[in-house]
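What follows is a short report on a single structure.
Letters A, B, C, D and E mark the chains as written, and numbering starts fresh at 1 in each.
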C-alpha cells in the first residue's frame, strides 16, 4: 500500500496506543493508592498532567542537548512502537514492521534511553547522571535474561521476524511460548520488571534517594513530551511481550486484554516489594533470570523442545 | 664440605677418563709411517744427524716460529706487567768465593751455551737449550756481583735482530726455494759436518740468541735489578 | 695476489722490530702498527673477493717446502676468508678505538696487540693440530697480558682467573692433540677422518673437542670470562669477545667433521643450554658490560648450536645461518662494547646520559635492534632459516629453548634501550663528547651492518624496492628532519598516495582491496590529524610512514618470509612510535615483549607450514596450503597477541594510553587490524583443510570473553584513552569471535565490524586527541561541560557513540544484526548471549566517555577552552561522513563483503533492493533511517511548538532545593561512576591476567637470579666448574 | 713396558697438579700445581713416543744411517714436548708476574680475597 | 734393570709432588717442584729423548724454580705469610 496510507494508519495506531498507555498509567496509580489504603487520583490523571505541563508559560533549558533529550526519548518510544506489528493480520496495526526484525526493536529501545541519558546529563544536576548510571547498569543486567529468552524464541521458531513468531503461536493458547517454553517466559517477565522500573528495581527513579532521577531538570513542555512517551513506550513494550510470549492478538480487544494482564503482573509485584539496593538488583538479574534463560536455551536447542 | 666432595668427584672423574688410556696401552714396536718419513727425510733430504732438530726447525718450522713468538710475548707481557715500578732489591752482598769463581764460570757457561746451539743439528740439544744455558750464565753473573748493570739496549737489539733474521731466513726460503722456512737456501754440505744441513744451524743459533736474550730480560725484570 | 702467509710474516717481523722502531718515536711505530693491520684486512678482502666472484679453488700453502703430512700447511677457503676478514677488520677498528690509549702506554701493548691478531690469523688458517695449540697459546698469552692494559685490582684478578682457566683448557687441548697423534699417527686435519676414531681413541678426540668447547665458554664453566668482560678496557674486551671467540669457534668448526654424532648432539645441546641460561641470567643484570658479557656468551652458545644442528641443511642456507649469526654478533657486540667504553657508566640505568649525543644514540639503537634479531639485520634472516631447519629436523626442545632464550635476550636489551631513551637523566653529569677515534669504529660498524642487511635482502632473497621501502622512508625523513612538521605531513600524505598507486596493480583479490582500503586510506585520513604538530616533530613521520608501508607490504606479500618481514617492520615502527610518548618506557617495553613473543610464535608456525604452491599473494595462496594443527594453533595465538585477545591483552591499554595522542588512533584503528588480517589468513586455510581438533571453537570463546572483559574493564577506567583502548580490545574481541564462526555470515559480519571499528575508533581517538590538545589532561573527571566549548567534537563523539553501541539508525546496528544472526544460525547460542551482555555493558563506558567530558558542569580552568584545531576536525568529519553513508546505504559495504565471503563459502544472505534477508530475519537499513528521521521529526516539531518561550540558563542554575550548588567539581558526577556495578561484580573485577603475567616475569627474574649465584667470583671455583663440566660431558657422552 | 709406567706416572702427576690447583688457597701454590700438571703432561707425551728397546733419534756411530728407521724412537713427541716446555715456562712467568702485581695491589695471596666481581 | 730405576724415580717424584702440595712453607714446595723436574729429565733420558732431557733440566728445574723464587721474594718482602 502507498506510503501516505501507511503513515495515516501509523498515526491512528500511535494515538490508540498512547491513549491506552496513559490510561494504564492512571490505573496503576489507582492500584498503588488502593494498596496504600487511599483513593488515589482519577484514572485519566496522566491526560490531565500532560495538558497541565504542556500549558506552562515559562520553561527553562540548559542548552541544545538538553532540548533534544525529550525529543530522542519520544522518538525512541514512537520508533519502538512503529517497528512492532501490533495486531496480527490487520493492515492498520502492522505499522512499519517490514523495516527490521526483533533485533531492530530490541536495539531501538536503547535509542530512547541513550537520548534521555544525554539530555539529562546536559541538565547539570548531579542526580540525573547518578540515575542514568544506575539505569544503564541495571539495563545491561536485565538485558541479558531478555536476550537469552529472545534467543530461545529465535531457536524455537527458527526466525527473528515478529510476524512469523506470532503466526507460529496462533491456534489455541496451548502453543503460546508460555506453554511451549515456560522458562524463557519466566526470564523475560522478570526482565520486564526491570524494564518497567517498578518497585524492586525502581533504583533509576528511586523517589526518595534521587527524586525522579534523570528527568529532574525537565520542566514544563519537555516534561509533557516525556509523559506522553511514558504511555506510548509502556504500550510498545507490552505489545512486544504479548507478541513474543502470549500468542499476539488478532483483534484490538484481545490485545488490550492480554497487555493489561502482562502489565498488572509487574504492577502487583511492584506494589508488594520494597526497593533493592543497586548492587542487589544487578546481582539478582545476573543470577536467577539468567539461569532460567540459559536453561530455556538448553531445553529448546538440545533437549528438542516442541518447535 | 660440598666443595671437597666436588673436588673428589672431579678427581675421580679425571681418573676414570684416563683409566682406559692406561689399561689397554701397549707399547708400539716400530715407528709409524709419518715418523719413518721424518727419519729418512732428515738423513737424505736435510742431511742432519739429529732428527728431532730437523723436525723442529724445518718440518715443523712454523711451530718453532710460533714458539719463539710465545716466549717473546711472555717477555713483553712480563715487561708490561712488572716494569711499572722501580723495586729497590736489597741484594745480600754475595760472598767473595762466589764473586771470583763466577767470573771464570760465566765465560765457560757462555761458551758451552754457544757450543750447544751451534751444534744443534749434530748433537742433542739446540737453540732452546743453548739459549737457556746462556741465560743461566747471565743469571749467575747477575746474582754474583750486585752492581753489574745490564745494558738493556743491546739486549733488545739482539732480541729483535735475531727475531727479524729468523723471519728473514724464512722469507728467503719462500722466495728462493718454494717453501717458507725451507733450509735448502744454503748448501747441504757433508753429513755430520758443522757447516752442513743447509740453514738449520743458522736458524737454530738465531733461536739460541733470541731465547737467551729473552730469558735474561725476563729474569732481569722478575729479579727487579737496581 | 699476495699469499696470506705474508700476514703472519709481516706481523712477526714488525712485532719484533716495534721496540726498536719505537726508539725512533711513537708516531713511527704507530704507523707501522696500523699499516700491518690494514695490510691484513686488504689481503684477506682481496682473497675473499677472488673466492666469491672468481670461484678460485681453496688456497693451500705448504711450509718448509714439503707436502702436507710431512710439514705444516695453511689453508684459506671461502669460510676462512669470511671469518678472517671480519676478525681482522674488528681488530683494526678496535685498534683505532684504542688509539689514545696506545699513544700513552708502553710499546709492549702494541706488540701484544699485533701478535694477538697474528695469532688469530694463524689459528684460523692452520690445518695442523699442534700448530693450532701453538697459535692458541700465542692468542691466550697476548690476551692475558693485554687484560692488564688498564692496571687495577679488578682487571688483574679477572686476568688471573682468565689465565688459570685458559691454562687448564690448553693443557687438555695439548693432551688431546698428543693422544690423537698416538692413536692415528697424524697431526694434520687433512689426513684425519671420523673413521679412525673407535673405542679408546674416542677419548683422545673427546679431550681435544672438549678443550676447544671450554675455550668457547659453555654455561656453567664460563664465570672466568664474564669477569674479564666486566672489568677490562672496552677495546680489548671487544677483541676478546668477538675476535678470539670467532677464531676458537672456527677451530671447533674445523674439528667438527672428526666427531661422531653423539659428540655433536651433546655439544649442540650444551650450546643451546648456554644460550638459554646466559640470557635468562641477563634478565637480572644491572652492570652494562657484564650484561653484554652474558649476551655474547649466549650468542657464542647459539653459534655452536647452529654449527651442530644445521649440519645437514643445504650449504647456502647453512652459510647464511652461520655467517648471518656470526656477523650479527660481531658487529653489534663490538659496537656495543665500544659504546660502553665511550659512555663509561657502570649501571645500565645511567646510560640515559647517551641521549644528548644523537649519533651515538642512533648507533646504540641500531646495535640493540641488530643484536635482538630484528630485520633488516642479518641476525633476523639467520634466525628465520635456523627455525625452519630446526622444524624440519623435528628438534622441538632446541626450537623452544632458542626462541625463549632470544625472547629473554630481547627483554633485557629493550629494557636497556627504553630506559636509555626515556628515563630522566637530570642528576647525571652530561657525558664528555668522545674523541673522534672512539666514535669512528662504532659508526663504521653501524654502516657495515646496514649495508650487509641490504646485501642479504637483495642478493640472497631478491627482495625488490617495495620491501625496502619502509626503511627507505625512515632514512628519507631522518635526512629531511629539519623541515617544518606541516611540510613533512603533506609530503608523507603524498607518499602514501603514491604508494597506494604503486601497489594497486599488485592487488589481485577484493579481500586485499578491502584491507588495503583500511590500511592505506584509513591511515591517510588519520594522518591528517597529525598535521596539527608544531615545530619539526623530529623522527615522527619517518616511523609513521614505515608502519603504513609495512601494512601495505603485508597485503602483497607472496611468501611467508616476506609477510613476516613486513610484520616485523610494522612492529618496530609501532614500537618506536609508542616510545615517543612522554612516560612510554614501560608501555613500549611491554608492547615490544608481547609483539616479539607473538613474532616468535609466528616464526615457529610458519616453520611448520608447508610452502604455498602458487606465487600469488599469500592471502590467496594460503587457500591451497594445508596448515598442520600445530601451525594453526601457534599462528592463531601469535596473531591474537597482536590483536589484544584476553590473556595477552595487557600491553594494549598501556600502549594506547602512553603513546602520543595522534599515534594511538593509528595503533587501535589499524594496527589491531593487522592481527585480524593474519588471523583471517589462518582461517582461510582452516576453511578448506579443517584438522580434527576444532581450534576455532575455542578461538570463538576467547573472542567472546575478550569482548565481555574489554567492555567491563573499559567501564571502570578514569583515563579517556585507556577507556578507548579497552573498548578497542572489546570490539576486536567481537571481530575475532565473528571470524571464528567460519561461516559466510560470520565473515561478512567480521569484515563489516572491522571497517566500522576502524572508522568510529579513529574518529573517537582523534576527538580525544583534540580534547587533550586543548585541556592537557586525559583523566575524565577533571573535565566536564565541554559541550558548550567544543560542539563539533561533541557531535563526532555523539555520532560515534551511537555507532559503537549499535543503536539502530547508524551503521553499528548493521554490525550487531549481522553478528547475532550469524551466531544464532551457526548454533553458538551461549556465545550469542554473552555478546548481548557485552554490548549491553558497552553502553556504560560509552555514556561515561561522553558524559564526563562533555555534559555536566564546566570546570573553572576550562572556561576559555576553544574548539579543537581544524586538523582534528577534518578527519573526524570524514569518518562521520563515511559512517552516515554506510548507515544510509548499507548495501554499499554489504555487497562487496558478500562477494568477498562468497569466495570461501556459499552465500547465506540475499540482498533484495535495500533489504538484507538472512534465513533468520531481515534488515532494511535505508527504511530504518527514514523511519527514524520521520519519527525524530514529529517530537522535534512538538518541541519547537512547546519551546517557544524557554529561557536559557547557565549550567550552574539547577533545581537544588533552593540552595546554591557549592562548586562544579562537587556537582559533576564523573569520578568512579560505576562503583556500585564494581561492588556487584565483586571478585570478578580483580585484574587476574596482569597478576599472572607479573608472576611469570617474577619467576623468570627469580630463576635468573638463582642461576647467577653460580658465579661466586672465586677463581678456584671456576676451575672446579671447568673440570666438573669436562667430567659431566664425558659421562653424558658415554665416550667409549 | 717402561713407557706404561711413565705414562701412569705422568697421569698421576697431572691429577696431583689439578688437585693442588683445586684445593690450595694460596695463589703461588696454585701456579705450582699448574707447573706440576704441566710436567706431568710432558712426561705423558714423551712416554707415548717411546718404542721398546729403541734409542734416541740421532744418527751417529751407535745408529747407522741405513738401519736408522728400525733403531730409533719416535722423534715427533720429543719435538712437540720441546715447544710445550717453553710454552709452559712462558705461561708460568706471566702468571707469576700477575700474582706479584695482584699482591702489590691487594696485599693478599689467597684466592678468596679476589672475589669482588661476581654474579 | 731399567724398569726398577723408572719405578724408583716414579715413586720419588710422586712423593715430591704430594710433598709440594702439602708443604706449609712456599719455599719447600717450590724446591720439591724443582726436584720433580730434575727427575723428570732423567726419565726423559731413559725414554730415549736427550734433547727433551736437556730442556727439561735447564728450563724445568732451573729457570722455573728461579722464577718462582724471584716471585716469592717479591711477594715475601711484605710479610712472610705463605
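The criterion applied here is as follows: a contact is a pair of C-beta atoms (placed from the backbone, for glycine too) under 8 Å apart; a residue touches a chain by one contact, two chains touch by 3 or more.
Remember, it's a predicted structure, so these values are computed and weren't measured experimentally.
Apart from chain C, which is left out here, the chains connect through touching into these groups: A | B, D, E. Compared with chain D, the chain whose C-alpha mean position is the greatest distance off is A. A count of C-beta contacts for the chain pairs B-C and B-E puts B-C on top. With each centre defined as the average position of its C-alpha atoms, the distance from chain A to chain C rounds to 54 Å. Distance from the chain A centre to the chain E centre is 107 Å, each centre being the mean of its Cα atoms. Here the CA centre of chain D is 11 Å from the CA centre of chain E. Touching two or more other chains at once are residues 130, 134, 137, 141, 144-145, 148, 151, 179, 1024, 1027 of chain C. Counting partner chains per residue, chain A has no residue touching two or more of them. Along chain D, residues 1-3, 8, 14, 18-19, 22-23, 50, 56-58, 76-78, 80, 82-83, 85-87, 89-91, 93-94, 96-101 each make contact with two or more other chains.
Listed by chain label, the pairs that touch are A-C, B-C, B-D, B-E, C-D, D-E.
Interface residues of chain C, counted against chain B in their complex, comprise 5, 9, 12-13, 15-17, 19-20, 61-66, 69-72, 106, 108-109, 111-112, 115, 118, 122, 126, 128, 130-131, 134-135, 137-138, 141-142, 144-145, 148, 151, 179, 185-186, 200, 203, 207, 1021, 1024, 1027-1028, 1030-1032, 1034-1035, 1040. Contacts from chain D toward chain C in the complex involve residues 14, 18, 21-22, 25, 27, 30, 34, 37-38, 41, 44-45, 48, 76-77, 80, 83-84, 87, 90-91, 94-95, 98-99, 101-102, 105-106, 111-112, 114-119.
Within the complex formed with chain D, the chain B residues making contact are 4, 7, 10-11, 14-15, 18, 21-22, 25-32, 34-36, 38-40, 42-43, 49-52, 55-56, 60, 63-64, 66-67, 70-71, 73-74, 77-78, 81-82, 85, 123-124, 128, 191-192, 211, 218, 221-222.
The touching residues of chain D, when paired with chain B in their complex, are 1-4, 7-8, 11, 14-15, 18-19, 22-23, 50-52, 56-60, 65, 68-70, 72, 74-76, 78-80, 82-83, 85-87, 89-91, 93-94, 96-98, 100-101, 104.
Every residue of chain C that touches chain A in the complex is listed here, in rising order: 785, 787-788, 794, 798, 801-802, 805-809, 813, 816-817, 820-821, 824, 827, 829-830, 832-833, 836-837, 840-841, 843-844, 847, 850-851, 854-857, 920-924, 927-928, 931-932, 934-936, 938-940, 942-943, 945-953, 955-960, 971-974, 977-978, 980-981, 983-985.
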